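To keep things clear, I will list the structure first and then write my remarks on it.
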Amino acid sequence: MTSPVDTTKTDITKANKRKYAMEKVSSKIFLICALLSVFSLVLIVGFVFYKGATPFVAGGYSFIDFIFGSDWVPSEDKFGIWPMIVASLYATVGALIIGVPIGLFTAIFLAEIAPKSVARILSPAIQLLAGIPSVLYGVFGLAIIVPFLQNNLGLARGQSLIAVIIVLAIMMLPTIVTVCETAIRAVPKTYREGSLALGASQIGTIFKVIVPAAKSGILAAIVLGLGRAIGETMAVILVAGNALIIPTSLTDSVRPLTTNIALEMGYAAGTHQEMLFATGIVLFSFILILNFVLAKIAKGGQ
Amino acid sequence: MRQTKDALLRGLLWASAAVSVGILVLIVGFIFYKGIGYISFDFIFGDYSPTGGGGILPMIVTTIYTIAISLIIATPLGILAAVYLQEYAKQGRLVNMIRFATESLTGIPSIIYGLFGAVFFVATLKLGMSIIAASLTLTIIVLPVIIRTTEEALKTVPAAYREGSLALGTTKLQTLYKVILPSAMPGILSGIILSIGRIVGESAAIFLTAGTVAAMPDSIFSSARTLTVHSYLVTQESGDIGLAAAVGIVLIVLIFAINMTATFISKKLNKADF
Amino acid sequence: MTTILEETTYAHTAPTAMAHTTKATKINVNNLNLFYGEKQALFDVCLNIQEKEVTALIGPSGCGKSTFLRTLNRMNDLIDGVKVSGEIVVDGENIYTSQDVIKLRTRVGMVFQKPNLFPMSIYDNVAYGPRMQGVKNKKVLDALVEESLRGAAIWDEVKDRLKTSALGLSGGQQQRVCIARAIAMKPDVILMDEPTSALDPISTLKVEELISQLKEDYTIVIVTHNMQQAARISDKTAFFLNGEVIEYDETDIIFQTPNDARTEDYITGRFG
């Protein structure tokens, strides 16, 4: 057989040697690309922790005072972030208290109650809103929510913990609705039918059977929303008021961890800057705990 | 008793949905209502004027720069990383480590990325507050997005294609670029488009790495502001809600277009799946 | 343990079975064992496959016949944790000691259970293999594509639509284009893994006719579930059970006067 392929076959081994070499090289290149995310993570964690730990390791500052100190006056060398930790926790928990029930109920409505034609329009629309830049939620908060609070609660300034809570709750709504809806829709039909066949009402079925069955997905939605809330920066700056006090009421002006970093990074230097990185570490630790919880929940759901 | 309870809960479900939808409509409506008056040809294509009345072309250009640079870097790296994870890697500790890192990167808040970018790209690499420093920071932010979506896309490529190609005496590399990547392309594209959305919406990380200079950037080494940062600064500094909302309209339209494109492409993907 | 196995296996592949033929041995399999991790899937398989004949591999599901077929072009290499011992000699070369898998797969082509054409045009599918070997000349490729499609008895059906998507063809047509794609590589051996199991009876018949023509030029090893098919198209048949070759002989003998009771049970439909 003298065919075109046969003629190439005569020097095939030589050609193949090059191919095998290419195979080896390319798989190494792919591996390097994959390792890049590990490298990035190490770099990020390394730099942020190195910078943030410097004052405590080399500068003789007390980490306890940093966490539990209530005064943040960089010009007087006082770095206490307790007010910001409290503000971040209050704001996040408050946003969850408002956002989760509304989001979950909206998801239940879309998945179980709403006519298909309605759900088919609303679900993607809400999903789309999850992609809106968070700054715009802050702009909305400053223009509508803040004046509303100011006028109706008789505050000197509308920028307050409650304003932050409302903005964060609104911002996390699309995420919570979308993830919860997916979880509820994933509950097998047989559960629904089984419960209805036993004479349970539609509403009874939803709350006794479907929501418990979608529990792990709903929890994941909450953790995701929480992560978004605790990490949000620019929208919060616009409505928080940014006062350095431990909030004692919902109407107090607050400065959460993230906003402290964004507000002062521009001009901070030396120890002051390092303390902002230390603030970042605290924030980072919150997120790591969240990720850990998320992983646990995901495992429990399988 | 049960019926009252049911009716009450049902009412709550309807009310919650009404509140959610109402608020979200209110936000979009508010942005458009406040901002639409500012939208004009000159606003979008005019140069910025510090005294007011100018356009937002510098911010649009800056946004496009950041998208282009970060995607040019993140796309090939992300795709090749996904190829490694899906096509080459044997399951084991190395892969688990890479997966863990990728997932962790997804969860880091953007302000932390901003801190890192400020100390690493801006200060350590001496890039200064610049478009390039911001873009490199954004590269790390979107890398996990591209890796994840590409992995999902590669999973949808039938194993039969791989076997069919390899059985013809081709190498894995040939199979990859002739058969597997072309088949996965729609999924990869929609991942890239999602990344554009992420870049456009990003603010805190860019704020700390690109700075806030409101002028047409001379080069990618100039400090400049993107649309989102502009929207924030306009609100924060001058309280000009209308202007911020007008920038918001541009952003929302952009995000909408991006999402439509992604949906369109992923629908095509499903159809192409025979 | 091994000695007993070897003895029994050799008994089945006794020289008497080979005495009927004058053709040369194309593939020589000796004491082939295959493990998926800890689990052994093939036990001391010994087979001599003759040149330019159709050898059918039959047996119940999970008996190892497909696994065995995939050792012949080392497709099992793609699965993690597969270990192979023993030897497979193709044209005097042990394919498991040779490092050149690419070369092996250009010589030993394969057709799969379900047609697996790529989402490209018919032409590009058939030209795919040669192109990957570096054939760029358009005239050469054109000729090769036509020759291969003619060889797979599908040229007349597709010659006017070579540039259209191959996935628009019917299942039977696709499978014959798959065969064309395999023979475009000018292999010596074609492995077929239940090539008609996804096809309707008429398409099956066409593919079977094609196989009978192809053995003029190629050595064919075919796995089939369909015993009539094995009887119709093959020269030799090997009966696999639980990873062992129970009996290997002329197809007529296997189907009419099998030596082993288990073979008889299987072909008369008592199990499997």
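Letters A, B and C mark the chains as written, and numbering starts fresh at 1 in each.
Throughout what follows, a residue touches a chain if its C-beta (ideal position, glycine included) is under 8 Å from a C-beta of that chain, and two chains touch if they have at least 3 such contacts.
What you see is a predicted model; the values in this text were computed from it and never measured.
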{"item": "Pair joined by the larger number of C-beta contacts - A-B, A-C", "value": "A-B"}
{"item": "Chain occupying the most central position, where position means C-alpha average", "value": "B"}
{"item": "Gap in Å, rounded to a whole number, between the CA centres of chain C and chain B", "value": "49"}
{"item": "Chain A-chain B separation of Cα centroids, rounded to whole Å", "value": "15"}
{"item": "Where chain A and chain C are represented by their mean Cα positions, the distance between them in whole Å", "value": "54"}
{"item": "Chain C residues counted as touching two or more neighbouring chains", "value": "102-103, 106, 133, 185"}
{"item": "Junction residues of chain A, two or more chains touched", "value": "19-20"}
{"item": "Where chain B touches two or more other chains, by residue", "value": "171, 174"}
{"item": "For the chain A and chain B complex, residues of the former touching the latter", "value": "19-20, 22-23, 26-27, 29-31, 33-38, 40-44, 47-48, 51, 101-106, 108-110, 113-114, 122, 124-126, 128-129, 131-140, 142-144, 170, 173-174, 177, 201-204, 207, 227, 230-234, 237-238, 258, 261-262, 265, 276-277, 280, 283-284, 287-288, 290-291, 294"}
{"item": "Complex interface listing, chain A residues touching chain C", "value": "1, 3-6, 8-9, 12-13, 15-16, 19-20"}
{"item": "Touch list for chain C against partner chain B, complex", "value": "73, 75, 78, 80, 102-106, 109-110, 112, 114, 116-119, 128-129, 132-133, 167, 178, 181-182, 185"}
{"item": "Chain A contact footprint on chain B (complex, rising order)", "value": "2, 5-6, 9-10, 12-17, 19-21, 23-24, 26-28, 30-31, 34, 76-78, 80-81, 83-85, 87-89, 97-98, 101-105, 107-116, 118-120, 124, 140, 143-144, 147, 171-174, 197, 200-204, 207-208, 228-229, 231-232, 235-236, 241, 244-245, 248, 251-252, 255-256, 258-259, 263"}
{"item": "Touching residues (chain side chain B, partner chain C) in the complex", "value": "90-91, 158, 160-171, 174, 178-179, 182-183, 272, 274"}
